[in-house]
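Structures are listed in the sections that come next.
One chain, subunit A, appears in both complexes that follow, with subunit B as partner in the first and subunit C in the second.
Coming up: the complex of A and B.
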C-alpha cells in the first residue's frame, strides 16, 4: 500500500540566473499541502517538473510510487491540474471541452462534469473566450474533478478571483479531501486561503525548500512581538527569525518556546511567517 | 488521437468553413477554365493551411500545457499533426488519378501524376511540422512562404512543361509506371516517417 502521493528526491533544475533545488520532500496521501514562496521562488517550476511539463536536470519524482522518468500518460488520469490560465482553445464551447475530455481521459465521468457545470452555473453553449476569469477557473476545476483524479495540483488557481469564488473553490477542495486517498498540492499567494484549508505548508525561497511543516505546528512555533532595542539585546539571538525596524523599536517574528514567558506574544499568520523570513534582516540566522 | 482531431475541428470551425468555400471557388474556376490539373494540387495546399491554423490556435492558448496534463502522450500529439496531410494526400492521389486519366487518357501517366500529387502534400507537411515544433509558430511564416514558393514554382513548371513531362513519363513507362508510382509513394512515406520521428524527438525534449 503506497502511503505517499508524491515523493521528490534531489530534484534540481537550472536556468540562466535561477536554480531550483536540490529539493527533497514527500507529500503523504490524504492531505492538502500549501506550496508558498515569493514570485520566482520556483513553485511553478516544481509543479511543472512533477507534471512532466519540464525536464529536471537531476533527481527523481514519484507519483503514487511511479517514477515520472518512465512517464506513463495513463498516470495523468489520476492527476487533476488547475493552472492560473485555462490553456484551452478560445473558440471551443464548454460542451465541446467536455467531449474533448471524454475522448482524452479514460476515466472521464460525464455526469460528474455536468453536475459541476450545473453547480457552478457554467453555460455549456458558451465559448471559453466568453467566460470570465472566475468561470474559467471553475471550468478548469470541473475538468480536474471529473476524471476520478486522486491528486489535485493547483498552480495559483485562486489568484485574481474574488473572495466568494475562492471560498467556493476551497469548499470543493475540502470536499475532495473527504476521501482519505485524495491529496491536494496547491501553490498560492493568497496565504489566508491556505491558512483555512492546508494541512502542511511547504515554503520555497530562492529555489530552496526552507521547510515543510504541519500548518498547526508552524503557527504554534512562531509568534510576533514588538519590543524596544534594549529588550531585544537580552533575547536569545536564536529566537529571532525576522525583524522589521521602526521608530519605537522592532517588530519581531520569534520562535515561541525560546522566548521569555514575560514577553507578550501574538499569533503569527502564515503570511507573517513568510514575509518575515524573506524580508527579515537576519534571515540567514533562521533557526528552523 | 480522436480527442485531438475533434479539438482541431471544433476549435476552428469557422476558419475551416471559409477554407472549404475558398477551395470550392478555386475548384469551380479550375473546372470552368479547363485547368483541372490544379485540383490535385489544391490538396497540397490544404494540409499546410490546416497545420498552420491548428498550430496558431494552440500557440495562442498554450494548449500543450493543458494537453500534457491529460493521458494523451506527446507521440500521439505529434502523429495527430500529420493526420490531415495523409488524408489529403490520399484525396490528391484519387483526384490526380481521375483528372489526369480523363485529361490525357493514359492510365500510366495518370498513375505517376497521382503518385506525385500524393507525395507533394506529404513532403511539404513533413518539412513544415518539425520546423514549427522546433522554432515555434512565430517562425512558421518563413517555412510557409518557402513551401508555398516551391509549390507555386512546381505547379508553374508542371503546367509549362506538361508535354515534355508526358514524353518523360512515356519513356519511364517503358521501365514500369507501376514501379515508379510505388517508388514515389514509398519515398513520400519514408520522408513522412522520418519527419514524424524528428518531430517526436523535438516535442519530447520540449518544455511547456
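Coming up: the complex of A and C.
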C-alpha cells in the first residue's frame, strides 16, 4: 500500500537566469495541496517536471511510488491535468472531444465525460476556439476527470476565472476528494477561494521551497495586527515576521503565541502570509 | 445536526466543529450509536480541509464522545451517558459557583442560599 501520491527528491532544473530547487517534498494521498508563490517562482516548472514534460537536471520524482523516469502510459492515465490553456485543436467541436480522448486514454469513460458536459452546460456544437475562458477551463476539467485519474494537477487553472466559476470548480474538486485515494495539487497565485479547502500549503519562492505546512497550522501560527511604532518597540523581535510601514504606523504579520495577550490580533489569510513573508525575505528581517 | 463555522472567531475551525458536535451529543440531539458524517463529507460540505475535520473527530474520540472504526466511520460513543452526566454535573457546579459568588457579594449566608434553592425548586416543580 503506497501512501504518497507524489515524492520529489533533490529536484533541480536550471535555466538561464533561473534555477529551480533543489526541491524536496512529499504529497500524501487523499489531500489537496495548494502550491503557491509569485509568478516566476517555478511552480509550472515543477509541475512540468512531475508530468515528464521537461527533463530535470537532477533528482527523482515518484508518482504513486513509481519513478517517472520510465513514463508508462498506465501512470499517465492516473493523472488528470488542467493547464491554464487548453491543448486541443482549435477547430474541434466539443462533441468530438470525447472521441478524440478515447484514443488518448485507455481508461476513457465516455459516460462520465458526457455527464460533466451536461453538468457544466457545455455546448456540444461549439468549436474549442469559440469557447470562453471559463468554458475552456470546464472542458479541460471534464477531460481530466473522465479517465479515472487518481491525481489531479491544476496549473494556474482558476486564475482569470470569475468567482462563480471558481466556486463551481471548488465543488468539483471536493467531490473528487471524497475518494480517499484521490489527490489534488493545485498551483496558483490567487488562492483566496480555494485555500479554505486545502490541507497543505507548499510555498515556493525564487525556485526554493520556503515551507510545506498544514494550512491549519499556518493559520494558527500567524496573525495580523496594526500598531504604532512605540508599541512595536516593546515587542519580542522574534514575533514579527513581516511588516508594512506606512505614514501612520505599521501593519504586521506576527507569530501569534509570541504576542502579548493585550494586543488585538486578526486572522491572516494564506495570501496575507504569502505577501508578508516574501516582503520579509526580501528585506532579510525574517525569522520563519 | 447543524454546524456553523465563523472565520471571524478566535477559535480555530476544528475547535468550532468539535464543540458543536459535542453540544449536539450532550443535548441529546445526536443519540448514542448514531453515525456521524464521514470526515471527507463533512469537509466538503463545510468547505474546510480534511485535516481540520479529522482533527475535530480525533479530539472527540480522545475525549470519549465518539468511537471511530477503521473503514466503517465514526459513531456517538455508547458509554457516553456517563460523560453526559459528568459534563452536566460540571455545568451545574459552575452555575452554583457563580451563585455562591453572587451571594457573597450580596452578603447572603449559605443558609439563605439553600432556602432560595428550595424555594426555586418548588417553583420549578409547580411549572
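Criterion: the second predicted complex is superposed on the first by the 282 of 288 C-alpha atoms of A that agree within 3 Å, B and C clash if a C-alpha of one lies under 4 Å from a C-alpha of the other, contacts with A are read in each partner's own complex, and residues count from 1 in each chain.
FYI, a contact is a pair of C-beta atoms (placed from the backbone, for glycine too) under 8 Å apart; a residue touches a chain by one contact, two chains touch by 3 or more.
All figures in this text were calculated on a predicted structure; none of them were measured in a lab.
A.B. asks: For the three-chain model obtained by superposing on subunit A, do subunit B and subunit C clash or fit?
C.D. replies: fit
A.B. asks: Identify the partner contact of A:267: answer first if only subunit B is touched, second if only subunit C is, both if each is, neither if none is.
C.D. replies: second
A.B. asks: Hey, is it subunit B or subunit C that touches more of subunit A?
C.D. replies: B
A.B. asks: I'd like to know which partner A:92 touches here: subunit B for first, subunit C for second, both or neither.
C.D. replies: first
A.B. asks: So, does A:32 touch the first partner subunit B, the second partner subunit C, both, or neither?
C.D. replies: It touches subunit C, and subunit B stays clear.
A.B. asks: Rounded to the nearest 10 degrees, how wide is the angle at the Cα centre of subunit A between the Cα centres of subunit B and subunit C?
C.D. replies: 150
A.B. asks: Quick check on the superposed pair: does A:219 touch subunit B, subunit C, both, or neither? Answer first, second, both or neither.
C.D. replies: The answer is second: A:219 touches subunit C but not subunit B.
A.B. asks: For A:175, is the partner it touches subunit B (first), subunit C (second), both, or none of the two (neither)?
C.D. replies: It touches subunit C, and subunit B stays clear.
A.B. asks: Report for A:198: first if it touches subunit B alone, second if subunit C alone, otherwise both or neither.
C.D. replies: After superposing on A, A:198 lies in contact with subunit C but is clear of subunit B.
A.B. asks: Just to confirm the geometry: in the superposition, how small does the C-alpha gap between subunit B and subunit C get, in angstrom?
C.D. replies: Minimum over all C-alpha pairs: 28 Å.
A.B. asks: Residues of subunit A touching subunit C in their complex?
C.D. replies: Against subunit C, the touching part of subunit A is residues 30-32, 170, 174-175, 177-178, 180, 196-200, 214-216, 219-220, 267.
A.B. asks: Report the residues of subunit C in contact with subunit A in the complex, numbered from low to high.
C.D. replies: 7-8, 12-14, 40-41, 43-44, 47-52, 55
A.B. asks: In the complex of these two chains, what residues of subunit B are touching subunit A?
C.D. replies: Contact set of subunit B toward subunit A: 2-3, 6-7, 10-14, 57-58, 60-63, 65-66, 68-73, 205, 207-208.
A.B. asks: Considering the complex alone, what residue numbers of subunit A touch subunit B?
C.D. replies: Those in contact with subunit B are residues 48, 51-55, 73-77, 79, 81, 83, 85-93, 96, 99-101, 103-106, 128.
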